[in-house]
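Two complexes follow with chain A in common, the first pairing it with chain B and the second with chain C.
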Partner chain A sequence: MSGLIAWFSSYDGLIIITGILCAVAAALPGNFLVLRRMSLLGDAISHAVLPGLAIAFFLTESRASVPMFVGAVLVGLLTAVLTEWIRDFGSVDEGASMGVVFTTLFALGLVMIVQAADHVDLDPGCVLYGSIESTPLETVLVAGHEIPRAILMLGSVAILNLLFVIVFFKELLISAFDPGMATTAGYSARLMHYLLMVIVAITAVASFETAGNILVVAMFVVPPSTAYLLTTRLSRMIVLSLIIAVASAILGHWSAKAVPGWFGFGSTSIAGMMALCAGLLFLLAALFSPLNGVVVRVYRRMKLARRILAEDVIALLYRLEERQPGRSVPLSEICTRLLSSRVATQWAVTRKVHKGFVELTDGGYRLTAVGQRAAAELVRSHRLWEHYLVTEGISPDVIHRQAEKLEHYTDRELRDRLQTESSAPALDPHGSPIPEERG
Partner chain B sequence: MKWRALLLILLCEPLIASCAQGAELFSAVDVLSTVTTPSLESASSSSQSDSHLSRLIFLRDYNTRVVILGTSLLGMAAGVVGTFTLLRRRALMGDALSHATLPGVGLAFLLAPSLGLDGKSLPVLLTGAALSGLCGVAAIMFVRNMTRLREDAALGIVLSVFFGAGIAVFSVVQKSGGNAAGLETFIYGKAALLSAGDARLIAIIGAGVTFVIVALFRELTLLCFDEGFAASRGYPVLLLDILLMALVVITTIIGLKAVGLILMIALLVIPAAAARFWTDGLAKMTVIAAVCGGASGLLGSALSALFKDLPSGAMIVLVSAALFFVSMIFGTARGVLVRALRRRSLNQAIDREHLLRGLFELLESHSASHGRSDGTAAVSYSELEDLRTWTPRRLRSQLARCKAQNLVQTTTDGRLLLSNEGRTEARRLVHNHRLWELYLMTHAEVAAARVDREADAIEHVLEPELIAKLEALLELEHTESGIPESPHRISPSGTSGAWQGSAGASSAGTETLP
Partner chain C sequence: MTSATTTSGTTADNASLPLSIQDLTVAWHRKPVIWDVEFDVSPGQLVGIVGPNGAGKSTLLKAVMDLVPRASGRISIFGKPWKQNRNRVGYVPQRESVDWDFPVSVLDVVTMGLYGQIGWCRPVTRRHREIAREALDRVGIGDFADRQISQLSGGQQQRTFLARALVQNADLYLLDEPFAAVDAATEQAIIEILREMRQAGKTAIVIHHDLHTVPTYFDSVVLLNMRVVAQGPTASVFTRENLERTYGGRLTLLDEATEAMRRRERTL
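Our next item is the complex of A and B:
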């Protein structure tokens, strides 16, 4: 335990804590930004605060952090308000109005800073890359302990954001999904919107000053988006986004030291690597999310395709047996008749053999008694559907394809209904007998 | 019309591009300035003191010339591309993609020496930028099409992750001791460092981008306005989408060195957004965006050259922002002023129609109660004022306007009458109003007490074709006056009650049909 404390108060430990606090503070309001389709606001604010810093400097003639902080937060809020104003007043697309506002403010800030550059060292580089590497160096004394200023600041912002989300959870939820309903339920959706903007601006500015803007812009968007792919409940999404944020901070710190070493370089920017790691976690979630991940979807589709092919095989064997009883069909004939590839067909037939539906006799395949029964169900579904579609007035030319699709999704209950709806036919529209339901 | 306009840009840019190929343009400008300056200097001898300004105006400085030319061309190309991304509702795509070029720049610098290339040569860095920008395009498409997330999240993720990667690579470059001093200009941009070669590159690539857009104008238009329709017509929507993003990447890359990454976003968004206020036609909008972007580049870099301590990239953006605000207020198609004027004139037309109809109906009820059918019973001002919830000022100004148009007349004792023209117009309005009321009652089963209010809102926009259809549908027997009788009682209290809210409407519900 004491070893752990010692490690955390080491240089690297302090950097990791700073990163984690920044990630957590940003991910909390980030969830609502992603849900409200305002993911780019963090980035916009991060550029737009420049004139706020410059004005605060001009007014106070110092680089004291409180006026700078206030100036930046105000301009951050102004970005959100101006974006909305141009969107409504000029009826401009939201993205475009955000683009106009933040680039203009940034340009304004650049001009101001260049004007001030004669008097003081206030270069845009130090505004944009407040660096996480140097956070342990700047400490303040709190209750007899030397605590890095960044940790104190980001810690209070993280606690503020956590309280905000917990206290206003229901209001935030309703106004994120249905602002109209929020208003009828008696919450002001507008008030919640502006409160959220204030929180976002405070978080963004506190983070730029300490950990740099890359980290916070990434943490506003990436962990919540990752969590969004993993769950459909807001409370779980928030918790997951926090876990992902912490994981990417830790992973990022490790990889900033380790990864460049693999290529023979020294270490690299920790904040940059934290953002990159968050991106990698996102990629993993997008690929492997059990909910709707790319791999899962591909796997499901393949599984369905295989099932359908296997069912087509036994239905084909049934039909061929109908015409020529006792015949065994070679694999090549199955392939040509189903227009399927040899490998996939072989796989499907082998599975059916394993299950005891199909048996291999004198160089070809034949249905077993069990297989006969399963196949009869499919063929019965197919022919019942054909009959039903014709009685519903659909042209006989197209019914085969329809029935071919529907037969794979038809169960006993549906077959019985089809039978009664189409008055228990004995033959399908093509003249083939409809097999009886067995057992 | 549209094609001619587009051909104009198409022709302009290669022309400038071919000029920029060599020193032709510069010599042409030299010739121009030698021809014009002496006459001007003789005209105003005081211009000697302001030599800096005249040097700038006549582009005598080789550097200034290159910078102004390069940034103007860049603005034009960005305006053209930006038009389409704006209409595709993806204005901030440039934001994401310009950040996505960063890791490529760093990696190119890092890896070029091992491939035997110069890590600081512009083509090498730009190739790296292009490759990583295209990776960004692929990533955006992946997130948008393969996950549940929406466009904005896709842009946000690509932006922040690629930016993070870029910073990580830059940091490696710096710590490995390589001389990376030039790389920072890719973030902030330094137009002053533009060389003639860079300007030529901008001109050629800008012309290429414009050419692609003009060649695929129809396809891109469909993509922007009706993606589903484009897909159903067999256009390769996905490919077009990727192509549009690739054009954004290319435009961003040529702008990186001139204005820097962040301000490049501005050039992609602002000129196009400004052009949107001036027109509803896509071809015109493209041209206006190009002009606006070109003007921003020209004025911005000129201002920066004129005054000390004004960074050119930032000035270009501020000029385009100023153009945007001017367009937003004064734009002739969607500007704030035009829309306010349009709303005002619509409101006035509505007021006028309400006034005429009100007068007509008052006169009608007067002549009915006085048993006189000549319609000479004039209406007093107070009766008219009670009819509706209009303010006295609004009513008076409208009355004055109607008198000026000779629609309304005053009798000697100050009472009001309709003139012959006024009567014809009012008759038409009352006819429309009552037709709609009858239609609502017979075909939409709306209560008699409510129809007045609904007809009141729609009577101003009924087209003649619709009126003819309504007449046929309702099979009206022509009354003496040519207009159907009102289905509800018309009195100042009754009618004003009907539009004072639901309470009034329900109390009016007790009225009986005539």
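Our next item is the complex of A and C:
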């Protein structure tokens, strides 16, 4: 335990804590930005606070001051207000109006900061990219302990944001999901919107002058978006986003030190690497999310294709046996008739053999009694569909292809309904008998 | 419904009226959407609002709940402004108005109907979820309570909204196209529940598109096309002539004036 404390109060430990606090503080309100489809407002506000900070530098000639903080938060809020105004009165869409507002304010801030740098001890580069590396150096005295100012500030903001999300969970949820409903239930969606904007602006300002712009902008959006891919419940999404935020900060710190070394370079921007790690985690989630990730989708599609092929095999064996009872069919013939590849077909047949649906006899394959039953269901579905489609006025030339697809998605209940609606036919439109339902 | 639009209705009269609208005009960017709308709704009725697209039907419902700013007019709900009688009004918005991919369960959405009673910063409790579950059973989708809302069919989504309105236990319900794109079974379930509500003395105002079912579903209708074309008991008001006047393509003087106004504004 004491070892852990010692490590965390080491120089690197303090940097990681700063990164974690910034990431957590931003990810908390970020969830609601993402769900309300205004993710970029976090970005916009983070940039737009710059002139607020600059004015404060001019007025107070120092960095640590309450008026500066308040001023910057107000300018941040102004971004949200101005964006709405320009959208409503300037007849441009939300994205354009946001772009106009925050780039203009940011540019104004930039011009001012460069001027201010001549008068105040201030490094424009440091303000833009952040200087998470040097945060442990600037400390304040709290109850006899020297605490880095960044940790004090970001820690307070993280706690504030956590309380905000817990206390207003229900209100944030309803105003994000259904603003009209929220307002009619007495929770003004507008009020919640501006409360959220205040929180975003406070987070942006606190992060801007400690951990830098890149980190906070990324953490508003990336961890919540990643979490969104992994769950279907808001509460879990928020918890996951925090875990991802913390992981990005730790991974980012480690890679900033380690990765450039592999290529013979010195260490790189820690805040940048933390944001980059968040992006990589998002990529992982997009690829491997069990809900709807790329891999799962490909796997599901392959699994479905295999199931359909295996079902086609037993249906084929059933039809061939109808014509010539007791016959066993060689693999090559199955492939030719189903127009399928040898490997895939061999795999499908082997699977059906393992399940006891198909047996190998005299160099060919034949349905077992269990296989007969399963195949009869498929063929029954197929022929019932053909009958139904013809009665629906669809040309007999095309019904086979449609029935071929539908048979794989037809269960007992649907078959029974088809049977009743087509008044229990005995033959399909091609004259083949429709097998009876068994069991 | 139409207690013969009394503009001089006293508060005592109004207190029994679920909804009374006088002289209501709503404009978007100075372009009128609804104009001089005036009607009363008496209790225990199913009221249909019928009119072509863009007639201002949704806007009318939203204006009742102060969701859109009104240019003029007075609206009272059981004799009081909406703000004071908020909890007596239940609203079922159009299904497309929300993001169905939102990470919430069906039960979460229905529980939202209780938020109005729960109050600021208080948590949702097990008792609230019980009430929500009962409402889901009542609309016939109790088994879907724990699913994410994106996994529902259109009809089930509409039933979810209806369950959410039910738990509000309001006296006046405003439903924006509850029958749009739902299956026959859902349509039947919804109308059954609306009838049960009426039995319990509640009032429902429903925006409706299918003209065929209007006479069987609604006790009275409001035919709306920016203005109220006709309103009253369905039997006497829902006539071919009135429908032609509501849906007719002819431009009225007002339409022409509005169009001229819009053109002028554009050139300013």
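Keep in mind that, in the parts below, the second predicted complex is superposed on the first by the 419 of 439 C-alpha atoms of A that agree within 3 Å, B and C clash if a C-alpha of one lies under 4 Å from a C-alpha of the other, contacts with A are read in each partner's own complex, and residues count from 1 in each chain.
The rule we apply is simple: contacts are C-beta pairs under 8 Å (C-beta built on N, C-alpha and C of every residue); 3 or more make two chains touch, one makes a residue touch a chain.
This is a predicted model, so every value here is computed, not measured.
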Side-by-side fit of chain B and chain C on chain A, or clash: clash
Of chain B and chain C, the chain that contacts the larger number of chain A residues: B
Which superposed partner A:324 touches (first chain B, second chain C, both, neither): neither
First (chain B), second (chain C), both or neither touched by A:423: neither
First (chain B), second (chain C), both or neither touched by A:93: first
First, second, both or neither for A:38, with chain B first and chain C second: first
Chain B versus chain C as contact partner of A:395, first or second or both or neither: neither
Contacts of A:228 with chain B and chain C, given as first, second, both or neither: both
Which of chain B and chain C A:174 touches, first, second, both or neither: second
Footprint overlap on chain A, comparing chain B with chain C: 37, 228
Contacting residues of chain A [partner chain C, same complex]: 35, 37, 167-171, 173-174, 176-178, 180-187, 228, 231-234, 236-237
Residue numbers on chain B that touch chain A, as the complex places them: 86, 89-92, 94-95, 142-143, 146-150, 152-153, 155-157, 159-161, 163-172, 175-176, 184, 187-188, 262-263, 265-266, 268-270, 272-273, 276-277, 309-311, 313-315, 317-318, 321, 324, 328, 334, 336, 339
Complex interface listing, chain A residues touching chain B: 34, 37-40, 42-43, 47, 86, 89-93, 95-100, 103-104, 106-108, 110-111, 114-115, 117-118, 124-125, 128-129, 214-215, 217-218, 220-222, 225, 228-229, 256, 260, 265-269, 271-276, 278-279, 282, 286, 292, 294
Complex contacts: residues of chain C adjacent to chain A: 62, 65-67, 86, 89, 91, 93, 97-99, 102-105, 108-109, 112, 115-116, 118, 120-124, 148, 150
